[in-house]
Structure formats: C-alpha cells, structure tokens
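Next, two complexes with subunit A in common: one pairs it with subunit B, the other with subunit C.
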Partner chain A sequence: MTGEMVLTVPTESGRKNRRSIGRAETLLAVATLAVLVYGALTTDGFLTLEGLKATVSGVGILGIVAVGMTCVTLSGSLFCLTLGSTLTISSMAFLSWMSIGVLPALVLTIVMGALVCAVQGLLIGGLAANPIVVTVGLGSLQIGVASWLTNQSTVYPPAGASYQWLSAVYAGLPLSVYVLVALVLAVAAWLSWSRTGQLIRLVGENSRAARAAGIPVTGTVVAGFVIAGGCAALGGVLLGATDGNATLLSGGDRYTYDAIAAVLVGGAAAGGGRGKVQHTVYGALFIALISNMLLLRGFGGGAQMLVTGVLVLIVLLIFQMRRRVR
Partner chain B sequence: MAGVTKSYGALHALKGIDLTVEAGEIHALCGHNGAGKSTLVKVLSGIVRQDAGTMAIDGRTVDFHHPGDAQRAGVSVVDQEISLIPALSVRENLLLGLPNAPFFVRHATSELFVKGLLARVGLEGLNPLTLVERLSLGERQLVEIARALGRGGRLLILDEPTATLSDVEIDLVFKAVKTAASEGTSVLYVSHRLGEVLEICDKVSVFRDGNKVTTSEVGKLVKRSLIELMVGEVKGDDTVRPVLAAEVSPRLQVRGLQTPRLHGIDLAVDRGRIVALAGQIGSGAGDVLRALAGLVPEASGLVFAEDKRVRLGSPSASLRAGLSYVSNDRKSEGLFLEQSTQTNLVATRLDSLSRAGFVRSRALRSIASGLARIVGLESKMASPVGTFSGGNQQKAFLGRCLMRGDKGVLLLDEPTRGVDVAGRSEIHRLIRDAATAGNAVVFASTELDEILDLADEVVTLSAGRIVSARPRAEVTTEELLSDMTHVEREVVNP
Partner chain C sequence: MSALIAKLKRTPLPRSSASMTFLLMTVMFAVVPVAAGSTFSTFSVYTALQIFGTYGLIALALGITMIAGQFDLSTLGMYSLGGMVAVKLGQGAPMTGVAAAVLVGAVAGLIQGSIVSRFRINSMAVTLGGFLVLLGLSRTLGDDRTVSYDDVGVGIILDRPLAAVLSMHTLVVLGCFVLIATVMARTRLGRDIRAVGGDARASHIAGVHVERVTTGVFVISGVLAGLAGALNAFTLSSALVNPGFAPLVFAGTAALIGGVGLAGGRGTAWGIALGALSLSLLQAMFGMLASPSWVSSIITGVLLAAAAAFSGLRRQTVWMAWKRSMSHMTNRNPGRLGGNGISP
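Let's look at the complex of A and B:
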C-alpha cells in the first residue's frame, strides 16, 4: 500500500433534519376526529347518542384487559398471550364459585388470575425466558386444566345468585365502563407514583441496565403480570355476569389480540418502557369506533378484523418511522 | 495512506497520518488507548470515512464508503470480536462471503479449497464440518484468519488478536500470520503486547494522541525504547487531596476472589482512597469490578464492605452493601436513555424514597437536584439522557452512585471511555471529590494517563492475576506500561 497525494475532502457526518412526527396523543386525536367526521357524514346512526353509547359500552371489558396488557408491555415483556384464556377461565371460575357468595367469588377469581399470571412473570423476569413461549405455553396449560375440570361443559351460576348488578346498566352505560374508568385512574396513578410502577418503566426500557444497577428486575416484572392477570380476571367476572354462562368456547382469545391492538394503537413501545394506560384506552375506543361504524354499514366480523389488522399495521409503520427519524 | 485525518467533533482522532506497508510485511501499530490506532483501523476497513487524505492499495487509489468497499479492495479485518457464525460449520463460514462464490457450492472443489486454507493456518487436523460454536476461542481466531486468506486479501488487519488466547493458540496465530506474510499479504498487527510485537513484526509504527510518532524497523528497537516512544510526556496529577484518617478496617476488602476469568484477587481499599486496576483488555481488571457488583454468578471468595460480608452474584445485594457499579458500557448496561436526568439519578434509590410503596415526590426531587448539582446537570433535569454528550451521560451515571452517606464504594469501569477531553477532567474531578467526601473508589482502566492522574494506589493485572500493587508515588510510567504489557507467558508459568 503506497500513497502520495494529499486531498482534503471535508465530509459532513452530522444527521440533520430531525423531524419528529407528532406525538402519540395528537396522532390519535386527529385520527379519531377524522373517523368521527367521516362516520357522521356517511353512516346513518353513527354519530348519535345511541351509536356512541353502543361503542363505549363495547369497550368496557376489552379496555380492562388492555390496561393489564399495557403493564406487561411496559415491563419489557412484549405481550401476555394468555390474557384471553385467563379471562375465559376466570368467568367460568367466577360463575361456579358463586355458591360461596358473589363478593368472595369475585375476590377469589381475581386472586387466581393474578397468581396464574404471576407464574409467567416469574419465569420471564427471573429466568429471562422468552415471553411468547412462556405465555403461550402456560395459556395452553390453563385451558387444559380448565377443560379437564369442567369436562368441557358450560358453566352456569347457581340458581338464585344475585349477580345481576355486575352487568346492569347505570345511566345508560354498563358497569364495566365505570370499572374501566376507575381502573385506568388507579393503574395510571400506580404507574406514576408508586415505586414499583416507576421501576416497571426502567426495567422495560433496559433490563440489563436495571439488573446491573441492582434494581429487583424479577419482582418488577412479576408485578406487571400480577396486574395483568388481575385485570383479565376482572374482565372475566364481568363477562360471565353479562353472559350468564361461560364455556371454553366463548371466544376469550379475541380479547388477547384486541388488547394487543389497543396497546399498539395507543402508541406504547412494543419493546417496553414507553406508553400510558390512558392511551391504550383511547386505542381501544378508536378501534371500537371503527368496528361500530363498519357494523352499522353492514359489514361482518371478518371485515372488522381486517380493518383492525390494517390499522395496527399503519400505526406500527408510523411509530417505526418515527424511531428511524430520531 | 497519506495525510489521513479523522475528527469526532472536537476530538482529533487522527492528525494527518502517512503510513506505508510493503507487500509481505508484518507491520505493528502500537500506542496506548486513544492514540488513534482503532480509528485508523476503522478507516482502513471502511467503517468510518476519513475527513481528508488518500489511501492506495498496490498503487491504485481507493476510497471506502462502506465496509464492503474495503473488502472488495482486499482489506480484511480480524478483530477481538469474532465475526464467524457460530451455528454454521467451519466450511460454511470459510465459504461465506467469498467474492465469487457460486450459488450452489460444489463439494469436491470447495473441499480442497477449505482443506488448503485450514492447512495454511495450522488447523490441518480440524474437521471442516465442525460447527464453529464447538471451537475454542483460539481456533475461531485461526478460522477467521483462514477466511481472510481465502478472500485473497491484500491487507490483513489483526486487531489485538491474542488478547483472549492461550499460549499454544498464540503460537498458532503467529505461525498463520507469518505464513500469510510469506505469501505476499501485507499484515497490520495492532497490539498492546510489546513482547509479541518485537517477536513477529518487521516494522513498528508508534501512535500517540492521533499522530504517528515514528516508524521503525523492529530490529532497531528494544521493549524499553518502544515504551518511551509510546508514552511521550505524561503530565502528573498536581491536585493534592487530603488524606482521610483510615478506619479500623478497610472500607472494602477482597480475599481470594475467583471467577472463570480471575484467579485469586486480593484487595483492600480504605475510605477516601482511589485504587486503579490497571490492565489491558482481557487482563481481568473489569471482571473484578463486575464480580464485586454481583454480575458474575460464578464468583466466589470473601468480600467485606465495612466488615460485613457481601453475598456475591446478586446485584441488589451488592447495592445494599453500598457497592455501586458504573459499567464501561453506559448505553446498554447503565443509563435509561429515554428517561430524564432526574429519573436516572434516583433510579437505584427509590426504595429509600418511598413510603408504603409510594414514592415521596418532594424528597425525590430534592435528592435528585442535590445530585444534579454535584455533577453539574441542574439545567438538564427534565431532558432524556439519551440526547446528551458522552461526558454528560457519564456524569449522570456517576451521579446515580454518589451521596450514599458517603459510605459507599464506587466501582468504575473505564470511567471516561468515549468522553471528550473537557468532560474527562470534570469526571476526574468528580471522582476525586467523591473520594475526598469519604467514599472508597476502585476503577479499572487501560489508559496510562488516567491511572497516573487519579490513583492513590495502582494494582496491575494480567491474565486474571495481580502482577503488582504499588502506591502511586512509587510507580513510573515505564514500569506501569511494562507491568501492563507483561508478556503473558511469564505470568502463567512463573
């Protein structure tokens, strides 16, 4: 290798033009407004009190599950793919345990849901196991145990149990909507003001750094899963009370995927550390608005799923681009 | 190459380097950390582009925008981090990335080619179908050299190839390098180990502060004169810190610390003292800190902080005992880059700031602003630390470990890596202040200036053992460099 010439070519190595596409809130607000306007202009019965009530009513249980899912995502454990089946078995457990009284059954069900998910958190946080593998595996286990216990039959509440207040409509909206509002407030407060809530974000953003700093990573991840399990169980209780019966085939899995969609549309970072439960609920509302509009225009469940899928894809693309620009 | 210049912001990493390597020559690059060797390697391999200057291979001017350009021009690099694919066989790895590899590999011809390559690096006995993950580190290094040979390289760059190898493996690598040179390949050999350089290289270029000091025939040099060339002038530490009255027992005491990479380390650090663990990459200096921080599950030995036994292998146990660790990799093992300065500063002390599980936000703010004042980041409390310069990030990281009743032990791994000159002296001041306030400080460094500037006591390590432990006043630069570049064989087989 020989060289003589000296050339001076200054190169520029600074990245310029750091444009930032709007923040998650503004993005969602604009999109929601667009859907409302479009819906009002083109769909009969959409932008009426009744139409909106129907949309909001449909969000209650899904929102509750999605709030739990947000805690898992924030802790850096991607998604808990069993929340839907936890919801299903919870509704079955609640209905069959109601013979000991409605309130004890409710508490017991929530404890069970929290414990079931705590085990997943222990494996993921403590052994750094892959969240997808763990949650799918333990989800099958849950369903397996439930189907063995119930012999795959449908569970009905004991005769004469007074649980109807759990599915009653107050001031035009079902109880689940009020529960959701209370839950969002409580979990948001917990995330911002409690020690563990603050640690969840740190562990979620960089679990290696958290471990090296001496932060209790396992406990923090478990806490996220406990909240998720409790939420799913609560959702199960409300669903069981609404339906008045529960079976393994009642389609709880739908809640898993819709909750993930809500978390993503709400702008939480799939990798953890960034996101808010309030935004997840906006996400759920947004998806429900669109589904409802499609329903009113006569499209079936297939079309609704298709649109939800496309939506999630668009949101992911936007957030991915945003991160590139950074 | 001629007049090659590279600056990172205000940091001039290379200041107009001219370098000529003849065909078949083994040319060493020496210089301690920050001298510009690695930047030069990056320019030659197309990872960064020079700001000015030209390079030519076989008389043809080349301009690399991308590592692929460099590879096509015949430059191949073997560095400490091995870039073979562990799940593939030796043969597949050797055939990967060949300039004119056929889409379907024909067994017969490739078999001959692969066998030939392995023979050239002394691995005749190795079955080419062995998976790379089953090879020892040394064998992987050799396979990597073989791959570089197979690509028909004109220039082979070896960056600290022996840092993690055993003696036998080092001999094999030397043989392979000589073979490559005898076949006409030029070799650039980057190493801290002066013994090696003198043993196998033809010429040496010494770098210091981004300048090439000299190029010389190896025959004309002895180790001592090479050290003098590398060191140049080192300015001493002119600040005098008060000596704190020692406690009855040392703040940190380590006896017989063992890990897979450490073989019986003893240390005692009083409060107010700064101890440097000096050693090159692979010496174990950083491993001592990791073990003390609870990050090495296999660690064993006796560690006492303030006479209380510290359980090893648990980061939170170490933290509770007052041992705070500042990793050398602040981005992936230190800071929470998307979080604010405030959050980062208090991340490890939420426990003490909480009542009934809820954080007392006023107490949190006052602690955080106290820490921010110490490290000089008050004006940046709310900004995410990911947007800061390396120096400010390091200050935030360091700040997180301070002010634990000044009864702490700070474990700092390369405390000024990737920090510019100004930030560096500020961080040094912070470390001195922390010691003066009553903390015990242990830091690992590969940089001579830093060690001599900061330390009260210098402990040199090599191959996972302590070579020497001396008070700073009794250490000269030459001795230090000589201990740090200790030819490994002398340590392993005394």
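Let's look at the complex of A and C:
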C-alpha cells in the first residue's frame, strides 16, 4: 500500500481515490442486498442454497477471464476485445494437446494464451497502437488460424484422458470457483506488491508521463496482457474440461462482453489506472445474481444481456458523477 | 531507421494512400482469379459491390465516430437491432420498417452521445453498455431466434442487378456515402467534427459546440447502423440475432485503410468508401478463388493489426520528433545564454 502511495505521487488524489473506492464498496453492498431481498421476496428458488450455489458456480470461468481483463484495463489499454476468442482457441488447444498428458497440455495452453496476448501488448504498448483495433485484428487472426488447423471441426479429448478432475465439484462448488479465489488473491497481491504490478496503474493513469519518467511502458503493458492471456487460457482449459469438447462456434464472445461488463460494474476506470480485481469479481457476482434471478423468472439470454448493459451504463454514470462532485 | 522515419513523415495524405490501396485491390481483383483459372465477369464485380452494400454503412458509421475522436462499439448492436425492428415492424410495409430502424438508431445514438459528451465518459465504455442493451433488446424482440421476413420480394427488388453491377441496395449505400461526404467536406458541421476529433479543447475555445457535435456524431452513427441493419435484413429476408464480430472487423479495417486516424481528426467519407471498397474486392476475390473462410479471416486480421501498428508508428514518430526538438532546445539554451546573454 505504501508503495502505491509513493507511486501515485499526488497523495491527495490517492486518498480521494481510496475514499471513493471505499464508498463504491458500500454502494455495491447496498445494491447487492437490495437485489437479494427483492429476489428472495419475488422469485422462488432464488435465495436458496442451491440457487446461490448455481450463481457462484456460473461466475467461476467468467471471473477468471474478468480478472485478466482487469489487468488490461488497469494498464490503460481499454479492453481486450478478443479474450473470448483466446478462451475458445485455448479450450480447443488443451483438448487436442492432452495426448501428451494433462498437466503438460495445461501448461502449454496457458503459455500459448499468454504469448498470443503478449503480441497484442507489444503492439499496443510499444507502438501506441489502438487497443481495440489491435485486439480485434489479432482476434480475427486467432480464429482464422484455429479454423485452418481444425478444419472447422469439433475437437474432442483423446480417449482415456483423465481430465475429469478439472471439472469436478468439490464441496458443492466446481474447481473453477476455487481457481478463481486463488487467482484473485495472487493477482491482487501482484498488483499491490510487485514492482511491475504497481507500475501498471501508473502507466494506465498516464502512459506519456510514465514514459517520460523512464518507466518501461512497453514491458508493463505486455505484462498486463500476458496475465490476461494466461487467465483466458486457464478459463479455456476449465471450459474445455467441463464441456468435454470445443468448437469455434461455442460462443466464446459472450465471455468478452461479460468480462468487460464485470470490470465496469466493479467500478474500474475504463481509461485505466484505477480499479481492483476484487471489485471486478464482485461486479461479476452482482451481474450473475441478477442474471440468475431473470433466468428463474423465465427471461431469456437477451433480457439478461439488456439488463447487464443497463447496469453498466448506470454504474458508469454513478461513478462519473461521484468523481465530478469532488 | 532515420530514412524510414523520414519516409513515414513524407507519406502522402491518407486519402491518396487509400486510393493506392484501392487501385492495388482492383488490379489484384482483375488479375489473380483469372490467373488462377476462373473467368472474370460483371457478376464478380456485382458480388464485390454487394459485400460493400452489406458492410459499407457500418464502416461509415464507425469511421465517422473515429474521425470525431470517439469509438462507437454499439454499431454492432444497432446493426442487429435495426434488422430486427425493420423485420418486426415492416411486415407488409418495408418503408415503415426502415423508418423505424432509422428512428431507433437515432434515439440510441442520441442517448449514448449525450452520456459521452455531457458526462465525459470514455466512449468505448459507454458504447459497450449500449451494445449490450441494443443486442439484448434485439434478442428479446426476436425471442432469441432468427426472425424471418415474409415478403421475400422486397429483398429481390433490393438486390436485383441494375446496370449489371449495381443494385438498389448498393445505390442506397453509395447515396449515404455521397451525402455524408458532402456534409463532411462542405458544411460547418463537417469541419467541426474534424476539429473536435483533432483537439476537443482547442475547438471549444474556438467556439465549437463540442458537446452538440459529439452527440450529433453518435446520432449519425446510430442512424447509419440502423439503416444498414434494416437493408441487410431485407436482403437476407430475416433478422439475425447475433451478427458476431465480422461487421466490426470489416468496419475498423475499412476505416483504417481509408486513412481515418485512430487519434481522431483525420479522415474523409471518401477515404472510408475506398477502404470499404478495397476490402469488398478482397473478400470477393477470396470468394472467387473458393478459398475457405479462414483465409479471409487471417488476411483481414493481419491487415487490421498492421494498419493499427502503422498508425501508431506514425503518431510515435511525430512524438519522437517533438521530443528531439525539445531536447535540442534544452541543450542549446544554456550555451546561448552563457555566450550571448551577457553581450546582447
């Protein structure tokens, strides 16, 4: 924490940020409570152990991707619009590489995801290229190469591979939830205590000033993207293990949008510099709670998307107005 | 390296680099398929222009927000919603459907533009929210299914070849390009849009209504995306629930090839048209070569990333040149002061 204070030099604004984030937590807590009470009163099966378990289970893989997305946003590179594609190709790669063993395939997949995103970070951090265009372009490239290699067919794991532990349920919750908890702790610690982690916020706040101060901007942005790619690949591994097959049509795009929505609902500044991974996961949980309530009341995916979008806009407005009042 | 930088600095106006790309694509389009053994016909030109008709307006919608220094992701959602609204409300009355789609686009643009300009929130974040809302609305309206349009005749009239290579569809799209190009080149609004995109603060000081111009740009973008969705839905005789990323990839690439600067302020509607036409020719060529879809997807991806990198490189060389001149000044000044300061 002290390190962060030193780096975000104007201490007053640092204090302001922390205070506003503290308030944001109260705000989200109140909103969550309101949703829980409203849901419990009006929707059958919402506030039950099973209902909550379903909500939390659904957040696992999305939360992992959203943690990665937070690192991209913090570094001032807006959003990676193709983490969903990286997730999809990772699940395909993991399933087909499993013939060399589950653990090697897992490691290899995560390395691949990290490399794929590192290239994006290199273009964005090194050449100041527009993040949206670069990520969309390289996402198209990922899908193109994957569909070339797989001939647009569905990938199945090799017979007899023992990967079921990756999708098993432990104490009522799938492995992805435990992975998410561990990941949040690790990334949060990295962001506040490691040098690169601290630099990410500084670069996100003002990359030109950071460059002028001799901070390795390119390396920092690449680090953010590497984490994002690794997270997306990890999510892909878990998704592939859960589904037992993977195709390009499995709708990975959904993870991109939902992860960005989670980052924004969690109150991170879209322009970079401010935000926390814990808050992103909180945002993901909040969206999942509402989606689950809508689902239980018989609404489809469209309505869930609509409500998520409205939520994003509301949160953006609230945070912006709070910032302006100060 | 310095030669490269000098060359980059001397790179001619974006507009002419767009026409160079267009020329190159035209030559390739005429030569490559014939060399590969297929016959060249007016029908292949028609096919290319139909691709232009499908995605051209989205490229224009996105491109114009980029010129104004913003980025409208919601064009994707509006593309889908426009089609859904046109199909739902236009059963038996296609013009009503188109009008409704355009109106919805204008309203969506007005709301998002107001949020972006009034509250100064990053347009990417706002339009991502808008994208989710619009696509969500579209899916809710269509009950998460592709909705078909009963009057197949409308699509047939819209896409019947006119003068061998054109169709009503492409004529409408070209008309929109002419209209926007005229507005951009001849009117105060067009000048203001470029000014705001180049430097919003300076424009404000110069008396430009920055908020109004920004909002207006989003309205234009919404209207164009809604119209594109409606036209495409009539062509397909159905409204697609999820258009995927393809329209956005096309639009972004077309705008960049067309010389729209990512930092805002640079670009013309003609450039976007040339970019969109170049890309349409490229895609049609892949279609004629009967290459699998991944080829096109790889090439577009590489093009897009390269264009973004090139655009970033240009910006950086300007930045480096500025920094160099700054360091010259700081290095030289002490000496000058020491030498000339005493005896003026």
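To be clear about the criterion, the second predicted complex is superposed on the first by the 304 of 326 C-alpha atoms of A that agree within 3 Å, B and C clash if a C-alpha of one lies under 4 Å from a C-alpha of the other, contacts with A are read in each partner's own complex, and residues count from 1 in each chain.
Note that a residue touches a chain if its C-beta (ideal position, glycine included) is under 8 Å from a C-beta of that chain, and two chains touch if they have at least 3 such contacts.
Fair warning: this is a prediction, and the values are worked out from it, not measured in the lab.
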{"item": "Touching partner for A:Ser147 - first (subunit B), second (subunit C), both, neither", "value": "second"}
{"item": "Contacts of A:Ser162 with subunit B and subunit C, given as first, second, both or neither", "value": "neither"}
{"item": "Residue contacts with subunit A in the superposition, subunit B compared against subunit C", "value": "C"}
{"item": "Subunit B versus subunit C as contact partner of A:Ile260, first or second or both or neither", "value": "second"}
{"item": "Which of subunit B and subunit C A:Gln320 touches, first, second, both or neither", "value": "second"}
{"item": "On subunit A, positions contacted by subunit B and by subunit C", "value": "none"}
{"item": "Contact set on subunit C toward subunit A in their complex", "value": "71, 73, 115, 119-122, 124-126, 128-144, 244-245, 248-249, 252-253, 256, 262, 292-298, 300-305, 307-309, 311-313, 315-316, 319"}
{"item": "Residue numbers on subunit A that touch subunit B, as the complex places them", "value": "1-11, 13, 193-196, 198-199, 201-202, 205-206, 208-216, 273-274"}
{"item": "Parts of subunit A lying in touch with subunit C, wherever the complex brings them together", "value": "78-79, 81-82, 123-124, 127-130, 132-134, 136-145, 147-148, 152, 253, 257, 260-261, 264, 270-271, 300-310, 312-313, 316-317, 320-321, 324"}
{"item": "Subunit B residues within the subunit A interface of the complex", "value": "1-3, 18-21, 49-59, 61, 154-155, 186, 293-295, 315-316, 318-320, 325, 327, 332-339, 343, 347-348, 350-351, 353-354, 357-359, 361, 400"}
